[in-house]
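By written order: A, B, C, D and E. Residues from 1 in each chain.
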């Protein structure tokens, strides 16, 4: 028996390795660097590794169309684009995460205990957030380029576990935050089980776990489709859970609301990119030939998701919950991109994911700013009159909402247009029409928030906008600039995406 | 070219009106003078043009002036162009002549009104619009003038609009006129659609080739227009209320000129009516009904102006009747129009003079024995009276007699019916006009002591006197050698004598008419001279009288047929708009919100129900697979 | 058994016997897991299922996995569960009455539907090939075969999984590790504080765990099972001095009432 | 005996695990049910590994065990945290976030 | 392009310091004046008889979707742009103080106005369907804030209703645009060029559906019965200036869109739907008029009159004769001015009285004669009094419609009677009668206000007598539109001179 030593092509894996290295350094910093200097050092390390990874991703874009790590991953255009998007979203989010006011000072202390108070007063901060974030980013980077089921599953867990943890680390309303972590974890594990079960069937069907092998089996299959379909179904459930599609969405409002807001923003934006990246790869390359079986299911799910997300968002009273339902609706819109199953759909999805991700981080960034004496205020009624007190913050938020609503001259519009036209091109007219109609419903609740901020007089209790720290300001500003730029002048990005958006099998 | 002057007829008063309106209070001192001067200059231009026309041979008398191309879209070409021919010059002279007199009268009559300048501006505006009406060379130009006089009429009726009833009267007049305008615009549309032109000349040329149906449709629409403007049945109701305006306005607009525009329209459109017998028949029916209607209403009016208004309505009924009789009647219609312009304007001015002396009292039952206090008014009014009831040789005799005669000769049962109506109308006219005379000038005084009746100043009585002279002489002048008939021949189709055999010889007709007039006078004398006149209208009168006092229920009918259903419709539509249409919109919204909050309940907050949801979703997908792999 | 389409070839007789004995037991244990009240029992039943599965792994030529299943899964992971169960309260038992309206029906319908359809579908499936067996793959030994794959083809996920382990470690630390902001109070200091607090009652300390005493002062007699004070439980001196308190006020039912009043 | 029987068993165990997640209230038991589901999946992998004649399935099962171990660490940490805050391990009590 | 001028103004405004209200107003006014001047200069250069698009400018915008920044105007667009740029300074001058009661600063108000003006010019000149759609939708935002931020009463509800209603229509249009885009891809390359899209081949069913997508969007915008209910609410709540821009200009985008997009892109479907649309238009005319009569609020009343007027415009467009088509465009222009006059003067009345309920006024003619006269004249223009500009257009529409759809024209003509009622009733209640308590001390127009309203009224009168300058520009374009659809005017049954 001869052992072939594996060729890993480290340069192609470098982005992930850089992030992992950053994470490990972060863990070591926890052990060896003094408390006072930790936040700065951690932030620099995290930021540095993210930027470095981004640079590396861009550097290897011409080396693309290669498999690496013994076929465990595929480095191709779309993969790199997803990685880019994730890294950019992560860079923006990291500033927000760096604003430590949002995290508990001592996760182990009981909520409301003296210990917690003392920890907070002593200025202790939870710098473990940084390595955890980096681990999650590493998982996300791996998720859309994974090209076998094992890597996909591992990546799924790598990105999920840190998020489960971080969801429970809010400084304010800690019970709710812990509850969010519990819910996210239990349901996440539940859906992972489905995913794994599906993977088992796919393996059973194809006799291999590699995507190429599954595709080959699909093309030249000998048995009937039952095992395959079960496999697709269960794997899809796992992925649909991550993107928050109905009926696998139920976790997202609760988790979005309970988690610390910067984490919510990061999670909402980056997880979506990663999960849709994986989904697009799986369904565009591996399972494209089985489209007659899975597309009808996806159409139904997309339609239900769009309508449900939009309708339920209307009656929300909490801004984070509302954004959660909005993200559900957006998951529906993005599913139309999966359904499209053509190159235009892929390009549109990538564009949409990036635009949506950036705007989401920005919007959640603003949510962190609206506080009262006991912390962040996410009750919408208390946002009334925000436009009067802090016109700039309110305007920025309104702009993000308009982008979500897909009003022209914002990035959301171009995304919506692109993704719907791709879906229409593929003949999914019904989905497009439902999409358009639910956009109207969606617009309704975005506008409601705008009304509340600008046209309603403030209630007497003093909700105020804190002066944003320089970091938060950076997050919001970058998101805003990108959102405007993508709305008015989307060409550079579209042109950048176009030649790269070709999956290799 | 003299035709270049035509535009000044209109431009002078229009400009004057604009100056008066825009210059504001600064012009209060001289505004009335400017207005009068403008009207007089316009009359001067008109008179000059008239002399120029007289100097031309018959065929070349008509002249046109093209100002500019007004609307030019595709084949729809309308020039702003004026036509002065034998028919329009009659009107020009009447409008500017009587108009000028009334301007003069108004200087004094309105001297105490703070807004006299505005009054003159409106009068000038009216003169300009009315001149445009009669000078326009196409229906569309006519339409501009047509609505213009409506606007002026609205403004003048509502001149004292701080009184709500007056404002309402103005509105009523405008709206009912608009009903007529509807007819006019439809007539224009039909004409354009079928003949591709809207000018008089063009339609006259095309009319013979057009189908009778088309022409009848146009004719009926024009009749509606005429009925609206000339207060003919069934659009007569506004005229009585229009007396809310200052008396000179009533004299000029609601007696002499504007209300006769319908007659002008029908006469001008002779080429259409002549080829559309059905429309023509309708015209005479409308005329006959209105002349009786007005006369009957007039018998029960105690308000001197309303009595005169009813009389106007009736007299215009005569004119319409005549115009409806075709080529034989047009000239007589115009003749009656002109004579009526003199005597009715004179009488209105007389009534104004009486009111002037009586603290603006209009109720004749509060008059009595004014002859002594207002001799000039009495005389001028009396001359007008004699003219209107048709006593020879006053003007009304000639014109009305001709109409009665023509009507009788219209042939067959139609002729007899129309003739009888005209004759009966003459009797009624005699009755109610005598009643007016008696109640106002003779008998015992019934006025309060606060009233100090006095004669009006010269500026007021002079115009009355001139008009009185007109009422005496004009009829004789027009008929001498059939002057007016021949003058108008080129416009209205040539007179074809002997088409119908005469039912009765003219002398018999005249005799018959005079007899009936005498009967009317006698009844009036019996009723109001022999018996004392109460200073309030008696209540214990027959049901018929009550109905007549209510203008034969015209307002009741209008209210019942149009106003109340209209209001109900408006109200219900407003409700429907709010509840049904907007309600549907809101309903959709509410449905979205409602279903949102229902669906929201699925988010129970229990992890276990979420996992159940995932399980259900998975089961559903498995079921789907189960179905498709069946 | 019903004749399903899914025919993957026959196994050896002993394996069949093994399966028909163990599989029903595993299913029974799994169902039992759902129906027992105590979490600990559930854990034991789960461990049994896992052991069963380990046996099946070994039966299916996955010897390494079978051993790992027992050592790692049943041994380590289930131990962790049991530790936590101890922490949370080993005796805590859960009422099995459903509190969320309608959920039980939904759960039963969905699960019967899901399971039934799944099994029915499996019965319908064909793979177009029969069991290949692992004889070839395991020709160099099962462990060697796995090692070959793990360190060549699947080395990348294997490396990445280390990230998972670190995450788990960091996570556990974040949630459990107390950052000391003040010096920990030593036992000595605690005891000194008790005695200096001014009240002698505090000095005695609280009763130890598992002791059903409502009062721990020396002047209160213990209670006999019938509720009467035990005469031997109190010092005669105190009794003589009359300092003994009436233990009736600490009767169980009285105390319940007192607690409620509070 | 047909090898497919392992698959039926696996499906059955998976379903039972899923039901357990839905009907049990104790967070730890719920989590154990998830473990049961993972085990069921592993059984499928091992069975398919034999059917397919390669060891990939066993590799996945092996990875699953590692992943499950990590998950257990994190999950139990979360459960303990919430237990310490609430003195309850019932998932029904964690019901602040809803609607 | 002229479009950029107001935008530059807006940016300049944004740089102004907080307190400088007067400076902001002056700057905004100046910017709109310069824009107007430049637009008029452009109009002078416009070649009348050339039916091609002029002042064409094409720049690549989003090449990957085939989207260009492509503009160009024909006679119809020119007239509408002129109307917009002329109304803008008038609105600013007339509503000099109307931003004061708003939620935000005066500066913001004028920034929004100027941004809106930019978009107005853009939307009329776009020849790229995508560009048009972008501006069409983006325009909603400034208007939304103008209504919601500076309006009165239930302003936020009205603003939301307006926005949602418009968005609904807009998104239906988006669906159609997507379909067009996809089809263009199938037929020789993705493009949004209007001319190229007009030549797409598609089945009649497809065409019908896509037509509806566009038409409903425009019918909501215009607004046509039964999509009108947002308008009265919006008009009631908006400031007069906003209302002028909303009804006078913005809603014209709807009717303009019908000409430019519905007719051009879907000629067959346009023909198919014409009967339905004519019926809707006639219903709008009568319904709007009757509802106007029933209104108690002055602004709502004006809004409903506009619904009636938009009925006329729509009818004119779809009757597709040269008279009706030219008339419809002219109507758009004239309606802009007469509604502007009504809203501006009505706004002054309301501002002075502090109430928009008609019953609260009374006898204004005595107290404020100039204002009363202006209102009266505006009202006369609204009821299309011959001699005023709106008469020409209304009559052209009617006469043009009659030649093809006589019954519709006849019913529509009944509207002129109702018009008399809906104008004269408020005139009587507000201006006539005794001066009611609360109205005795109202101030008459000041010099600024006179300057603001004078050009509007002058235009109304002058164009009534001499509409040729506009008609000459409109006619070729209108004929071009009709001939594209293969329509020629019906020939009169009798050839006359």
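In this text, a residue touches a chain if its C-beta (ideal position, glycine included) is under 8 Å from a C-beta of that chain, and two chains touch if they have at least 3 such contacts.
As the structure is a computational prediction, the values presented were derived from the model and not from experiment.
In terms of the stated touch criterion, the partners common to chain D and chain E are A, B, listed by label. With every chain reduced to the mean of its CA atoms, the largest distance from chain B is reached by C. Nearest to the common centre of all protein CA atoms is the CA centroid of chain E. Centroids built from CA atoms put chain D at 14 Å from chain C. Between chain C and chain E the centroid-to-centroid distance comes to 73 Å (mean Cα coordinates, whole Å). Centre-to-centre spacing of chain A and chain D amounts to 25 Å, using the average Cα coordinate of each chain. Put simply, the C-alpha centre of chain A and that of chain C have 34 angstrom between them.
Those residues of chain E in touch with two or more other chains are numbered 164. Annotation for chain D: residues 7, 14, 17-19, 21-25, 30-31, 47, 51-54, 56, 59, 63, 67, 70-71, 74, 77-79, 81, 91-92, 94-99 touch two or more other chains. Of all residues in chain C, those that touch two or more other chains are 100, 103, 106-107, 110-111, 114, 118, 121-122, 124, 127, 129, 154, 157, 161, 164, 167-168, 171, 175-176. Applying the touch definition to every pair of chains gives A-B, A-C, A-D, A-E, B-C, B-D, B-E, C-D. Those residues of chain C lying in contact with chain A across their complex are 118, 121-122, 124-129, 140, 144, 148, 151-157, 160-161, 163-164, 166-168, 170-171, 173-179, 181-182. The touching residues of chain D, counted against chain B in their complex, run 18-19, 21-25, 30, 91-92, 94-99. Put simply, chain B touches chain A in their complex at residues 589, 592-593, 595-597, 599-600, 602-603, 605, 607, 609-611, 613-614, 616-618, 620-622, 624-625, 628-629.
Here chain D touches chain A in the complex through residues 7, 10, 14, 17-18, 21, 27, 30-31, 34, 37-38, 40-41, 44-45, 47-48, 51-54, 56-57, 59-60, 63-64, 67, 70-71, 74-75, 77-79, 81-82, 84-86, 91, 94-99, going by the rule given at the top. Those residues of chain A that touch chain B in the complex are listed here as 182-183, 186-187, 190-191, 194, 224-226, 229-230, 233-234, 236-237, 241, 247-248, 250-251, 253-254, 293, 297, 308, 311-316, 441, 444.
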